[in-house]
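What follows is a pair of complexes built around chain A, which joins chain B in one and chain C in the other.
What follows is the complex of A and B.
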């Protein structure tokens, strides 16, 4: 059994971000106060989700160019792990919002973007389950997956920039880039992003391998 | 390629004109929903609800309209069809036809809807531009989704599930652009929003163009 270096790196970085994220000093920002530490746990989820969805789209494109079933399985697993990570991102955000904005849900472009993203990917799984023929299932859902990712990037990349958001750093709210004193936060945030991306890829990889074993078992 | 596309668009126009009842049913849908809106609001409606309701009616009309677009291509005849024309020509033709249909339908809905519920829009020109760009964006997304949904067993049910999340941000943007048209503001902001609509159009058409060849063959 060989353990790849990036898995160790992922665990180390996430452990570091949890310990350092809770212990290191953070800038005292108005309204945010100590909840600013949620940056290490909430925002990282969205970064990991986008990376997983990007990988999922890449595997879908590769599936369409070779029609290798395993690539489709990989795309599906990545998307479902991404959805799981998005759920975590949404939950951490909602708990944070309850303490910062006083409500779990507000009409904010970023929240709408998150909700739409999750609905799009839920639709992707409904689409998968509604096609019986294995080949056309893989092909049609690969196409929808590509469409979904491109639309998601257009919508969450452009739409929030056209309006103000309640989120820190937008619309005059105190953010991290406004103050240049956050070198302390940066040395936790960037490793945390990398760590969570690695961990979530690992989770997806494990689930993919379990699925491959299951299909092999069924076929034998 | 261009010749094929024009031929296919003309074919769609001719076929749908022969079966006019589908077109009439769309008009009747707009007419009856506008009248229901008139009755339920008792003729008094705030400007923002006017806009939101208008686009929701248009959205569902568009969904009904594009659901039909791949119905004819489902049978055996379609296979023969696909050997004659390039798949890319087929999807481009469908997108063009659906966009044109939806633009006409939305403009008609605008007239009918204003008849019943009044017309608070002051910047007519930019609102009509918003209608043209918005309906073609909606139509091009819906055409691709209809093509995807036609491959499943439950296409009409899936159509809504697959397309509403994709259309939702577009809808928000359309409502926002329309609100700018309320106070005669054809300014920088409205221009930006219209640019966004045009961008959605381009991205979707490009995606359909690239992806449809993988979709049609079974």
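What follows is the complex of A and C.
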């Protein structure tokens, strides 16, 4: 009956980021104004999503090197939680864009890349559901999952950096470091990233354990 | 005493000049100085803590089922 320490750490870090993120001073910038604080909440969603997808890919590789069914289940759960987190990231990004860029969506390489990434992972679940045979389902989707991760890195990590983009961190527009005049934001942002990564891993862990319980019940 | 007064006066002018620099960009400084932003922080923190307690309870329940 003990909650693991890293789960509590995740809660504490995010709670700190909520309090410090709203109260600590931020750089005073035109257009962005107070919305620069969204950095602590919107960007952390994408960082968590990338980590969940990375873990998912690692479990897929581990599945392929031993064909343990539980590893495939773990990879699937991580990817689906990652997709959920990405939906939150996309929605919050759209709200932020509406009030700073003036529109919910712009045809920007970063935004479209994020949308394509989500479609790639949606295709992963469609692929899973379309294969009847349990073994080939797990094998094919594990290989697709590795491909999907590589595509995600290309679409949200590489391509947006090669062209100009409205979104910070791309093109000639260097990261959020250009907002961070006094490093005040870093002391909130990095704990927030770690906190959200831990919480989303926790949610994924819970869903995985519930799925294991379900399969055990079916087999009994 | 004279030294202290000079320091205080210069401090006052420093803050004044800072305040003038900052008026260019509109921030929610007034809200923060009135103290009401703490209410928002309290509300968000309460919701977050509530959700996390919920998550912990689900975790405990799953642990019980796993035994």
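Definition applied: the second predicted complex is superposed on the first by the 208 of 220 C-alpha atoms of A that agree within 3 Å, B and C clash if a C-alpha of one lies under 4 Å from a C-alpha of the other, contacts with A are read in each partner's own complex, and residues count from 1 in each chain.
In this text, a residue touches a chain if its C-beta (ideal position, glycine included) is under 8 Å from a C-beta of that chain, and two chains touch if they have at least 3 such contacts.
Keep in mind the model is a prediction, meaning the values are calculated, not measured.
S.K.: So if we stack both complexes on chain A, do chain B and chain C clash, or do they fit?
M.R.: Fit: chain B and chain C sit side by side once superposed on chain A.
S.K.: With both structures superposed, pick whichever of chain B and chain C touches the larger number of chain A residues.
M.R.: B
S.K.: Under the superposition described above, what is the C-alpha centre angle at chain A formed with chain B and chain C, rounded in steps of 10 degrees?
M.R.: The angle comes out at 150 degrees.
S.K.: Between chain B (first) and chain C (second), which does A:155 come into contact with in this model arrangement: first, second, both, or neither?
M.R.: A:155 sits against chain B, while chain C stays out of touch.
S.K.: In the overlay, answer first, second, both or neither for which of chain B and chain C A:28 touches.
M.R.: So A:28 only meets chain C here.
S.K.: Considering only touches as defined above, state whether A:206 meets chain B (first), chain C (second), both or neither.
M.R.: second
S.K.: So, does A:127 touch the first partner chain B, the second partner chain C, both, or neither?
M.R.: first
S.K.: Check the residue A:70 against both partner chains and state whether it touches chain B (first), chain C (second), both, or neither.
M.R.: neither
S.K.: Looking at the overlay, what does A:18 touch: chain B (first), chain C (second), both, or neither?
M.R.: In the superposition, A:18 touches chain C alone.
S.K.: For the superposed arrangement, tell me the lowest C-alpha distance between chain B and chain C in Å.
M.R.: The answer for the closest chain B-chain C C-alpha pair is 33 Å.
S.K.: Looking at the complex, which residues from chain A come into contact with chain C?
M.R.: 1, 3, 7, 11, 14-15, 18-19, 22-23, 28-30, 33-34, 199, 202-203, 206, 209-210, 213
S.K.: In the complex of these two chains, what residues of chain A are touching chain B?
M.R.: Counting only chain A, the residues touching chain B are 64, 112-113, 116, 119-120, 123, 126-127, 130-132, 136, 139-140, 142-144, 146-148, 150-151, 154-155, 158-159, 162-163.
S.K.: Help me check something: in the complex, which residues belonging to chain C touch chain A?
M.R.: 22, 24-28, 32, 37-38, 40-41, 44-45, 48-49, 52, 55-56, 58-60, 62-66
S.K.: Give every residue of chain B touching chain A within the complex, in rising order.
M.R.: Touching chain A: residues 141, 144-145, 148, 151-154, 158, 161-162, 164-166, 168-169, 172-173, 176, 192-193, 196, 199-200, 203, 207, 211, 214-215, 218 of chain B.
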